[in-house]
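Every chain is named by a letter (A, B, C and D) in the order it is written, and numbering of its residues begins at 1.
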Amino acid sequence: MVSLVNKDKSVSAPLTSFTLEPLCVPHLRSYMPEKDAQCPNARETGEKDYVNYIADEDYILADIVKKPSAQDDTEAAPQFFQRPSASHVCRAFLRAGPRRSTFFDRKLCKAAVVTCGGLCPGLNDVIYHLTLALRTLYGVKEVLGIRGGWWGFYDGTPPLPLTMQSVDGIQHKGGTVLGAARGGFEPDKILSAIQSMGVNLVFIIGGDGTHRGALKLHNMAAAMKFPVSFVGIPKTIDNDVDIIDRSFGFESAVEEARKAIKCAKTEAQCAPNGVGIVKLMGRHAGFIAVFATLASSDVDLVLIPELPLDVDPNSPFNCLSHVKNVVEKKGHAVVVVAEGAGADVLLSAVQSQQGHKTTADGKQPELPPIGEWIKEKLTVYLKESGIAATVKYIDPSYMIRSVPANAADSVYCLLLAQNAVHGAMAGYSGFSPGLSNNRVVFLPIETLVAKSPIGVNPYGRTIERILGITKQPMPKLRRPSST
Amino acid sequence: MVSLVNKDKSVSAPLTSFTLEPLCVPHLRSYMPEKDAQCPNARETGEKDYVNYIADEDYILADIVKKPSAQDDTEAAPQFFQRPSASHVCRAFLRAGPRRSTFFDRKLCKAAVVTCGGLCPGLNDVIYHLTLALRTLYGVKEVLGIRGGWWGFYDGTPPLPLTMQSVDGIQHKGGTVLGAARGGFEPDKILSAIQSMGVNLVFIIGGDGTHRGALKLHNMAAAMKFPVSFVGIPKTIDNDVDIIDRSFGFESAVEEARKAIKCAKTEAQCAPNGVGIVKLMGRHAGFIAVFATLASSDVDLVLIPELPLDVDPNSPFNCLSHVKNVVEKKGHAVVVVAEGAGADVLLSAVQSQQGHKTTADGKQPELPPIGEWIKEKLTVYLKESGIAATVKYIDPSYMIRSVPANAADSVYCLLLAQNAVHGAMAGYSGFSPGLSNNRVVFLPIETLVAKSPIGVNPYGRTIERILGITKQPMPKLRRPSST
Amino acid sequence: MVSLVNKDKSVSAPLTSFTLEPLCVPHLRSYMPEKDAQCPNARETGEKDYVNYIADEDYILADIVKKPSAQDDTEAAPQFFQRPSASHVCRAFLRAGPRRSTFFDRKLCKAAVVTCGGLCPGLNDVIYHLTLALRTLYGVKEVLGIRGGWWGFYDGTPPLPLTMQSVDGIQHKGGTVLGAARGGFEPDKILSAIQSMGVNLVFIIGGDGTHRGALKLHNMAAAMKFPVSFVGIPKTIDNDVDIIDRSFGFESAVEEARKAIKCAKTEAQCAPNGVGIVKLMGRHAGFIAVFATLASSDVDLVLIPELPLDVDPNSPFNCLSHVKNVVEKKGHAVVVVAEGAGADVLLSAVQSQQGHKTTADGKQPELPPIGEWIKEKLTVYLKESGIAATVKYIDPSYMIRSVPANAADSVYCLLLAQNAVHGAMAGYSGFSPGLSNNRVVFLPIETLVAKSPIGVNPYGRTIERILGITKQPMPKLRRPSST
Amino acid sequence: MVSLVNKDKSVSAPLTSFTLEPLCVPHLRSYMPEKDAQCPNARETGEKDYVNYIADEDYILADIVKKPSAQDDTEAAPQFFQRPSASHVCRAFLRAGPRRSTFFDRKLCKAAVVTCGGLCPGLNDVIYHLTLALRTLYGVKEVLGIRGGWWGFYDGTPPLPLTMQSVDGIQHKGGTVLGAARGGFEPDKILSAIQSMGVNLVFIIGGDGTHRGALKLHNMAAAMKFPVSFVGIPKTIDNDVDIIDRSFGFESAVEEARKAIKCAKTEAQCAPNGVGIVKLMGRHAGFIAVFATLASSDVDLVLIPELPLDVDPNSPFNCLSHVKNVVEKKGHAVVVVAEGAGADVLLSAVQSQQGHKTTADGKQPELPPIGEWIKEKLTVYLKESGIAATVKYIDPSYMIRSVPANAADSVYCLLLAQNAVHGAMAGYSGFSPGLSNNRVVFLPIETLVAKSPIGVNPYGRTIERILGITKQPMPKLRRPSST
């Protein structure tokens, strides 16, 4: 091969060396060192060639976007986020996987599983694989399914025994066999129930709020030197948990959301000056709207909470006139709106309508639903612009989250569930398994929830890709001053 | 929060520092330095806040599984592969993305796109997004779709002009609008065609063989100082390309394969002593079989080329008696077999039947198809074991690869196509965009194909997970001597 | 076989004999008898063995539910509808199919196709098969696709030439390649356009309103002795056209509606005291709601326009307390509501709220949407009954009608389209092909629209089946006095 | 409206009158008249307005294709089948539905359900709705699911109690929860088991062979004056049962078959001179192949058992040269072949290869599989014709029958199951519910199986439609001499 070495100046620059900064995960040995690593991991007998034990010293690098050249390009490049780091420090997360020895004696183990919050594709996959891993990889004899979220710990509902028979086939179904519910977090009652049931492995599937609960339980147990492992499994249909590559079920939800967009496209294409509007989940984060748009490539405008909504007829960034232009050019347009988009605009609209800024009791007034609002706004605008448009509104709502997991999400759920069990058996607590840089790691819940929920980076490359598809106008964003 | 610092010895060990070793990507500036970075990237005018330019010094760390403790655990841990590295060197791949200036002048650009080899979900997505990026991000005026693989460059078939109109909606369809074909790689004819057409950006979608062709074209052009950028986009239904996290279309194929397994499960469950056998693609690599099994969790035996096939009735690792045991216990069993599994066993069987080791002309004899072979083998074995089994055989064959891409694959195709265009416009050549550690990078084709096609690591964690589901017996593998 | 003759008294009763009463279809020969049957049906040459010509004397019996015993059982049996007829008269519809000779000379034929009203799965199938039949069965050289409904005849939009190439593959897509629109029926303009285009075969796909338009055009043309055949193809997502077994696209829509119900079921099952509400299309007819319920069998309450809505807390037929009972018993409930259900109740509610019966201008006030209304009503009722319910609302809206036709609907569209062409070429006009008693017949539009749109028979066997599934309370219906 | 009366001569012909000939269904009253109609149908109390009782004198006309003109057109019209009847006799089938009183006392009822033969979409729907109707419409306390086909009556397998809980949700699953199996029909053992279990209602789901068994059981029971009702429910994936409009599950299977054809089309389109071959079920009847072709409209050649296979290179009806022509014209072709097609040609091929007509033992030699055979034949033919074709072979096999029922089939299963229960409770036996002319009727099994299995009429209108799509050549068929 002809040598085509990269003559770029960066190559000639001295290669940067950097230091690894491991992120610790809480471990029960911190207050019960005598029990640490007392039990050989059962599978070591006989099948050891086929178990890839992970050492407590194995880490996955976290901050992997690097700029080896000496100088930073902050001045030159006006990007605000995801800048490659020239830092000499590189965080690293603990690698997930089975440990050579376990903290818990499998013969004395009793596990509990609970699903909190709303539905998400893959919940049953996680329950299935927690049960499978606990029972067949570690021989845990008793696995209890707590029903109806946190409430099920103390409201008298008998747990569902999770056996290979009772979970048979659930991995192909939407929803959760345990039921789910919001609220009900009463840490004292829950901890007391865990104690009285004799449970020492607790798997808590839920969002960032649920994870904060799990962390509190872990801290309370630690303070009491109560040897229970609390493991969170991040679940959010909105994909708004920090650090991890993506949350389970997200891809399945995007798949369903794309179907709704396809229907909107068909409706829009077939009507005179047709406009199809799809409202998607995402009160605080527009990931579903954004990824369904990328997957579909049939969308002309995406409205998400992270981006400013501009409906001012006189603004050059006015999204209504963008839609008008698209309709005039292509004969139809497709709009995707996340349920949390434009909250500030809606608030102003409501306030100006009511003539004052707050309600009598000082609270913010209730906002109208953005989907119907933008539909009305667009219809009026197009009419006033002389376009007799046909506006069709589609809200798939729960239809995108109550479906079974797609194949990729099923595999992801398996990875999370198995590693949750590996970590719990090893004695880790107050952590969650998660995919980081395409590797499953053990993340301290404290780190995981520090910035969660997060949103789509409004200055990032994903939005750049969205703009490449929709060509929608982007109002100037004020740069974060601190960067 | 109660402090639960990790008292693990690894923490007290001195943190390792690493050296970053960037992997260079060939660039046309190496022989035409005068043209380098002459053209501002068009979008800089007006929208610059929303373009995240990537610098040529931005890298993504490659070897991210690390062991910060000083000593290696080779002795202690008998795993063979994927061992966390204690090396002080960490390779890094060039980060993909738009560059601030381009090598090519968009006004003088003419692009060609070709799809080689067999079908794969997402081909049309890639074609769609190459066209979209070339035309609307860079304003390239002419994009030619070469028809029917390499042949289309010189066999007289007129190219399909790729315009926003001609690609409208293709991203929702299976197959490729350009047609695909094997063979036809005549580098001189192809290069000559490229020259006579005046094409300077060539996008070549295909497997490792096609990539070797692309590399050869790049090298020939470089030797001639002919300013053409050759970009590969790795396409393999079998997911057998080295380095990248996964190949596009793979998840969609696994989704379809899982459907076939579900049918086999239903058939097996509903018949007396039912055995459902599913044959899946994978002549050299069993990734589809393995991931469909993980996604389904309904499989009792997986046979892939990477694992030894043991049908010796006297062997403790005999897979036939495993199936027998499953049928006796559960009443039914599901078997997944990749088309390339057990080639050595089949060869021995054929040879022993023919009484000699090679055919008259010294070649290996043709092997019987493994699917039907194992079906026959199992039927006979079960009958001889006194079990009147009902064996159902399903071969979805091309049905798993001719479907449209699922949503996640569509997004992946968008990422690959856009970055292929970014890289080509910037003047890189002889490279492929690919997902590495969940980031899109520019990979030198030379590196990409060095070890491709690869297979499932028979000692790795994926196989460990398979064994956790199927409980199938695993014959002892001889450890690679060099480790 | 042991003789098990039916000793039933009905057998000993003298068998009734019937008189067949054929239903005539308008034919152009009535005013242009000299042109009748002048052209041999082309395919007679060479392939005649494989064309099953249908004679103008072939009929399909229409009233096929019979009671051969002499006396009627009106007194004894209190059913109101679908009573078997003891009448001596049996209507018969003209059998659809190719005629041995045609009225039109294929060489002089020019056809137009138009789709009116809303979308329906199968529109593109119909367009495809009209084109295929016209072009390849009859050799018609010119087929014009009128765009955007009736408007397209005269608003200057150029027609889409329908060729085998332009319709290739459209049968697998939702929507209509011609676009559709409501309104625009200007008979004079349309007829004048037909004349000036030289079109003599007009295929009009639409609902009962559109059919009334088609009939008017036919009558106007007949009055002018203008030899044009007007053929309707009944299209209604609501399945509310009289006489025919079902309308095309209906089964596909029910399939999608069932998916929404499945999601509602999953949501309901997984939430504490979960109630899933699905709103489905059906402003005047509840067929989609009813058949999706039968297909799903997961529904506890169905509200349709044809049945009284009872939300009076003191009524024994109160549907709210039924839902409460179901939730208390099963832990969750699923409700399906057609968009036109309960209009009278909503009207009363609005009027009592406003204190008067009509608005200032004498019109009826606008009604609130029933879906949200019943959601609110149920939520309040359950709360007041002491049940902390979780109510989830799903409105798939256009998602059930913009999908491609399922396989059965595609075949049905083929049957309708081919026979529409057969009938038009034979010289029939002012008719529609339709499935009656599982046979395709030619129906005079006058007969077809006489009672359309129809609704679900509230006393019929389908509602009986619904009650068998939902167990919902049924208020006494007043029997129609005339029966 | 302008009067456009049909001046056709057939209208002026005297209207034909005809006589109704009811087809009796065996009833247990024939040998136990004292028990007839002793029990009021429970629902009469309280809900009678909502039960549409069907009288034993209610019939559905069967022969509904009529020719009211006096003379027959045998001479003039060369069609062989489905000729409209000028007969004065019109058969009529007993109308299905609930009777005002029942033969069996619900308090003494015990039911058994068995599924025989291969899988078919909808089996679980039927089981679900049999259970629902028996338990909730009639209050039958015990319903037993016999496992594994006929064998389950006597091989010691304990029956599955069918309760609302045990059948919950099964209607959404493929397969049968009871298992199915071929063979095992031992009437004495089965009847003895029925007696010893105290079962008096037996529901037997299976094909024509199974129905012959059910009839035999009925006859044996009748001879013994043993009051048991035997009801068949026709199940055949091949839709090859006589009389009924279609068998349940058929539409679902066609849906899946169409998917395979779509894949074959994609593969063919994307390869140079691509030919996609799809093999579908249908050993004796080509209904699946034929309807999937109509539903897809993407097929260029259909081979079914009912049509002669012509591969003679010198024949004008040679199907190989048809495919060649299509490939040359369109660049690709799609072939659908039913597994039983061309048996005579294969037999000749095998015999000529072996040099004699029968095997040593006088039996017919085993035939090669037609799918692979035609693939080989086509490949060679195209090669010899100078076309370098790419032939792709797809056999979805069991994937088309193990899926859940689509919505329309689910509704059909409900109709069949409910009416099976209505008939059995009323005392009918030796019958099957079935759809005839779009109405559910009770058919004597003797009549149902008299001509079953049937095939596609090779001279009929369906084949005419196939030819309109595929344009494939049709060898002359010899007309049946008797017509």
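Quick note on the criterion: contacts are C-beta pairs under 8 Å (C-beta built on N, C-alpha and C of every residue); 3 or more make two chains touch, one makes a residue touch a chain.
Keep in mind the model is a prediction, meaning the values are calculated, not measured.
**Q** Determine the set of chains touching chain A that also touch chain B.
**A** none
**Q** Count the C-beta contact pairs for B-D and for C-D, then tell me which is higher.
**A** Looking at B-D and C-D side by side, C-D shows more C-beta contacts.
**Q** Taking each chain's centre as the mean of its CA atoms, how far is chain B from chain C in angstrom?
**A** Centre-to-centre distance between chain B and chain C: 49 Å.
**Q** With chain centres defined as C-alpha means, what is the inter-centre distance between chain B and chain D in Å?
**A** So the centre of chain B lies 44 Å away from the centre of chain D.
**Q** Where the centres are mean C-alpha positions, what is the separation of chain C from chain D, in Å?
**A** Centre separation, chain C to chain D: 26 Å.
**Q** Please list all residues of chain A that touch 2 or more other chains.
**A** Correct list: 262.
**Q** Taking touching chains as linked, do they make an open path (line), a single closed cycle (ring), a hub with spokes (star), an all-linked set (complete), or other?
**A** Chain contacts: single closed ring, each chain with exactly two partners.
**Q** What part of chain A is in contact with chain C in the complex they form?
**A** Contact set of chain A toward chain C: 119, 148-149, 151, 173-176, 179-181, 259-260, 262-264, 266-267, 269-272, 276, 390, 392-399, 402-403.
**Q** Which stretch or stretches of chain D touch chain C in the complex?
**A** 1-11, 13, 15-22, 24-27, 29-31, 33, 47-53, 55-61, 64-69, 73, 77-79, 81-82, 84, 90, 92, 95, 97, 100, 128-129, 132-133, 136-137, 171-172, 215, 219, 222-223, 245, 251, 254-255, 257-258, 262, 291-292, 294-297, 406-408, 410-411, 414-415, 418, 429-430, 435, 437-439, 446, 459-461, 463-465, 467-469, 471, 474, 476-477
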